[in-house]
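Each of the next two complexes has chain A plus one other chain: chain B in the first, chain C in the second.
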Partner chain A sequence: MTRPGQRWTTFAIWILLSLLTLLPIWWMFLVSVKQRADLFGKPSFLLDVSSMTWDNYASVITNPSFQKYMLNSLIVSTANAALVCALGLLAAYAMSRYRMKGKDNIFFWVLTNRMAPPAAFLLPLYLLYTGVFQAGEWSLFDTRIGLILLYCVLNLPFAFWLLQGIIDGIPAELDEAAYVDGASTWQVLRTIIIPLAGPGIAVTGILTWVFAWNEYLFASTLTSVNARTITTGLAEFVTVTGTNWGQMAAVAMLTLLPAALVLALVQKHIVAGLTFGAVKG
Partner chain B sequence: MSSVTLQSVRKTWGSFEALKSLDLHIPDGEFLVLLGPSGCGKSTTMRIIAGLEEVSSGTLLFDKEDVTRVHPRRRNVAMVFQNYALYPHMTVAENIGYPLKVTGVDKAKAREQVLDAARKVDLTDYLQRLPKDLSGGQRQRVALARALVRDPRVFLLDEPLSNLDAKLRVAMRAEIKHLQRSIGVTMIYVTHDQIEAMTLADRIVLMNKGQIQQVGTPDEIYDDPANLFVAGFIGSPPMNFITGEVADGVFRAPGVIVPGAPGRGPATLGFRAEDVTLSPSGAFQGTVFEVEPTGEATYLVVEVGGARAMLRTDKKHRPALGSPVAFDVPASQCLFFNPSDGLRIRRPAPHLQQVIA
Partner chain C sequence: MRSSTTGWLLLAPTIAVLVLTGVLPFLYVLAISFFDWNLFAVNPEPRWAAANNFRRLVHDAEFLKSIWLTLLFTLWVVASQVILGFALARLMMRDFPFKKVFRAVHTLPLMIAPIAVGATWRLMTVPGLGPIPYYLKDWFGIDYRLSMFPDQAFASVVVMDIWHWTPFVTLTILAGLSNLPQEPVEQARIDGAQEWQIFRDIVLPAMKPVLLTTIFIRIMDALRVVDEVWMLTQGGPGAETRFIGLHIWKIVFPKTDYGYGSAMSLLTLYMTIVICWLLYAAMTARKDRAS
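And now, the complex of A and B:
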């Protein structure tokens, strides 16, 4: 039983936390629906919802650069998530089911790849992308495939770790039963492992998708025009003649939207997926 | 259907020897039970036959075909796992039909076979349910049906009844036996429950510590055990043992004098509770330690010859604790073992006895 006082304390804490996280988003939203002049006029504009305009959104959406960046982001994130899930699943399955020497060492080695600060790889990667990984005129620099591969490297350890826990939670006896029933390894994967690990695979896909969608550091250094993603595209609204705050906020809102939508829809499954196997194998 | 032959099959994990050179032939259509305490290697033997475990050395034959290195999917064996290993995301029908689906059997034909298998185990009303909505006994039937749905060379059952409650276990036991008789399959059944083994088997293979202790029909194993382990493992209550000394054909222990004993020197005498007849002038003299009525009989725990023995007596018999008790055991039911290696000391065959005489 909770006493009423206790309940109000909990309530207050939640309100405070929500304010801390949601206020900047609300602020950004208001900036995106205001005229430029309003932003600097009254300090109390945070509470003023009277003069809203969707002009910023209209001009952003019809902007060809924005369209291209959005498309790039979508392609890069989705391809990355798909590739990472596919490779991670195969690696995790092999790791979970087959006996091999030095298994724990391999697992730890893969995880350590994720422990170094990504920025440490920035310069070598830049040099590799512009000068080494190239064929004639073509190089990995400023290509979507370049970003996809890089995000794969960054996300695979995470996917591998997450999926291995999930596959470990599926009893190996099911595989054995399927083999005895006449299934091949691919059939076991397709008909037993993937359906049972479905929620976990979905969570892995969504989380790696969001990581790629939000990534800024590499996207800003390893792309210039063609493969620029929406997060880095934001910076283009800071120009020599001033910053277009309204449009920038509109772009930021649109960038936020897909990730927020996806996470809101599947948040229950994410918790379920992350704790899969913890309750019962 | 196939016969199964294991030739010098060994299995080691590092320095641990799970199976020590196993030789066994299982004829086509036999119901063979692998029996033994946990860790005796019976499950390993079964997993080797299924192909889920590789042999360290030795050969495995189905009929005359060497399948030692054949992948489990190509062996065409059917297996029922201890906790059934049903695919939790598939309905009963999909579970039963899985072996047909993965081997590419025509869908219409597969549906017919699934129905047929479901009918054999009385599951036709549950085909659209998921395993989690079934009782333990029903899950057991699904696992059986999945094994029955195709025409396997060998049927393997790994402690299939151990997760069921006692009543259901007895019912399923009869069903499995009936099923095996009616379709005439070669069935290999692993259990640690000697009652299951006795009731089901054509032949029992009793294993311990990775070695076969004895192979025989349930009667042979029960009446003619090869060593102390077999004698002590089979039977409920287990066989009684009294250690003593044999000299001039007479076994002696404190309060026990049994003539007609083979060999000489230290020996262990074994006899079963039900072979005992109480008689005031009996060769065995002891005292009553405890009285255990079971309804159908009264068991006396008796201190005799420096050991405790169980005697089966009339259900109305209720002696006072500590009172003296004397009994006899027919000479043919007295078995002698060598206490150092546990092996049976047998009486010479009749024609040899004459020679000795």
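And now, the complex of A and C:
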């Protein structure tokens, strides 16, 4: 359909657009490998290999508080992704295979949790975490468990939705046959649903992992010292006086790295994911 | 279909977690909003205040301004993104070399943490370091300082959001376009219709559901933007880019005026729901008229 001349014009336009997309990220990378003395002056988008340095990355990675942030982010995202996949799978299976009164209402309610503006929930969550959800000296505030639980509001509706679509695609006859053979619900889940939904669960896990990794607002409000994540670490560079731009760029690069890495794995599912399946990719 | 008791058991953990992290905070904020409760006040104990907090909100100029800015921002970014995204999706529909690579590059901003998007654009715009102020000065003689000029700060935030979220619109519209039946378009071409006529009378009506869903999701996301704006401008200069989320988080929250903050949070939530509902009503009304 496309005319040959149009083919190359389109190609040229997309090169230009890709440059626009990549330019800010490329600039950040340049800043992260520059020496302090080279930061200012005429900006150039070319990489000067002779004066390039990995010092910013080295000092960030060897910084103990940054190591802690990184570890917290890894633990929180991984645990949250695992949790929402497990809970989401059970709930999605129930939604897909059981006849229950009012399940459409439940379904709608679960999804509304995702739509709410997070800022509106900062205050009550802060008060609940510091004053209500506590046992003696211990409270949910500034704990990784607190964040892991909280990110369920964002990720569980999402996992639930995605997994339901996937389980709907598995023929119900398969589990019926297993039930006839005397299998329990748990056995059906383990031997039929989980293996067949495997790739879908993986995509769900990866996307929820990235969402949890990327979250900032709640992490900054509901943690203070012990459970801070990498996104809050990055934001701290801006608020302190005398910003160290090189190190900030290095942290930002490390923050966006996982997203860039998983992009290839989940690219096909991003559209369905971000629109809650309303638009099929 | 199997017994519903097992079904409810399977659903129970999800419901429990969402009640704990979603319903409970909502009920809590609802309750506090009717109290006068400020930790730093003379009397730090919560006292019943009826609708006083809500009455105060109506006269809070800062709050009203941040709502106005948020709506303005939403209008700008969603309109630009839909127009731009539609154009890019049509470009993506064409046949050209390395299509998959370009698509992947275009998708990249969607996966990046908003806070890192903010950091990226901050590095582009810092005076003395960033290329944007330098080249604007060098080529056009424009004095670009985010911390001084409100219009520039607002425009920069809009541009950043367009960079960040246009790919989302492109991808959803691309998905819609790919699923469009080709026969009506071919038929119209044979009948000698102009390209713009085909677009207006065939493509656009068929794309309406996808377009509306996309617009809907983008509006919801634009209304709650916080992270990247905080990184880029800190809501400044003054309060010129202090959108509602930022206002609650940075101004109201640290003041420990819990009752008032709760009322504001609720009103923000309510506003979001109303906009949501208006959009939904507009969508269904159109459908009724068309049929």
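Keep in mind that, in the parts below, the second predicted complex is superposed on the first by the 252 of 281 C-alpha atoms of A that agree within 3 Å, B and C clash if a C-alpha of one lies under 4 Å from a C-alpha of the other, contacts with A are read in each partner's own complex, and residues count from 1 in each chain.
In this text, a contact is a pair of C-beta atoms (placed from the backbone, for glycine too) under 8 Å apart; a residue touches a chain by one contact, two chains touch by 3 or more.
The structure displayed is predicted, hence computed values, not measured ones.
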Could you tell me whether chain B and chain C fit or clash when both sit on chain A in the superposition?
-> fit
For A:Pro195, decide between first (touching chain B), second (touching chain C), both and neither.
-> first
Residues of chain A touched, compared between chain B and chain C (which is higher) = C
Have a look at where A:Ile106 lands relative to chain B and chain C in the superposition and call it first, second, both or neither.
-> second
What is the contact status of A:Thr130 with respect to chain B (first) and chain C (second): first, second, both, or neither?
-> neither
Just chain B (first), just chain C (second), both, or neither: which does A:Ser18 touch?
-> second
Which of chain B and chain C A:Tyr179 touches, first, second, both or neither = both
In degrees, to the nearest 10, note the angle that opens at the C-alpha centre of chain A toward the centres of chain B and chain C.
-> 100
After superposition on the shared chain, which partner residues are touched by A:Thr143: those of chain B (first), chain C (second), both, or neither?
-> neither
Partner chain(s) touched by A:Asn63 [first = chain B, second = chain C, both, neither] | neither
Smallest Cα to Cα distance in angstrom from chain B to chain C after superposition equals 8
Intersection of chain A interface sets (partners chain B, chain C) | 179
As the complex stands, chain A meets chain B at residues 171, 173-174, 176-184, 187, 191-192, 195-196
Within the complex, chain A is touched by chain C residues 1-4, 6-11, 13-15, 17-18, 20-22, 24-26, 28-29, 32, 88, 91, 94-98, 102-116, 119-124, 126, 128-131, 134-135, 163, 167-168, 171-172, 174-176, 179, 210, 213-214, 217, 220, 223-224, 226-227, 230-231, 234, 244-246, 248-249, 252-253, 258, 261-262, 265-266, 268-269, 272, 276
Which residues of chain B touch chain A in the complex?
-> 50-52, 71-79, 81, 83, 85, 87-89, 98-99, 101-103, 146, 150
Quick one: in the complex, what on chain A touches chain C?
-> 1-2, 6-8, 10-11, 13-14, 17-18, 20-22, 24-25, 27-28, 31, 39-40, 42-43, 45, 87-88, 90-91, 93-95, 97-101, 103, 106, 109-110, 113, 115-128, 132, 149-150, 152-153, 156-157, 160, 179, 185, 210, 213-217, 221, 231, 234-235, 237-238, 245, 248-249, 251-252, 255-256, 259-260, 262-264, 267, 270-271, 274-275, 278-281
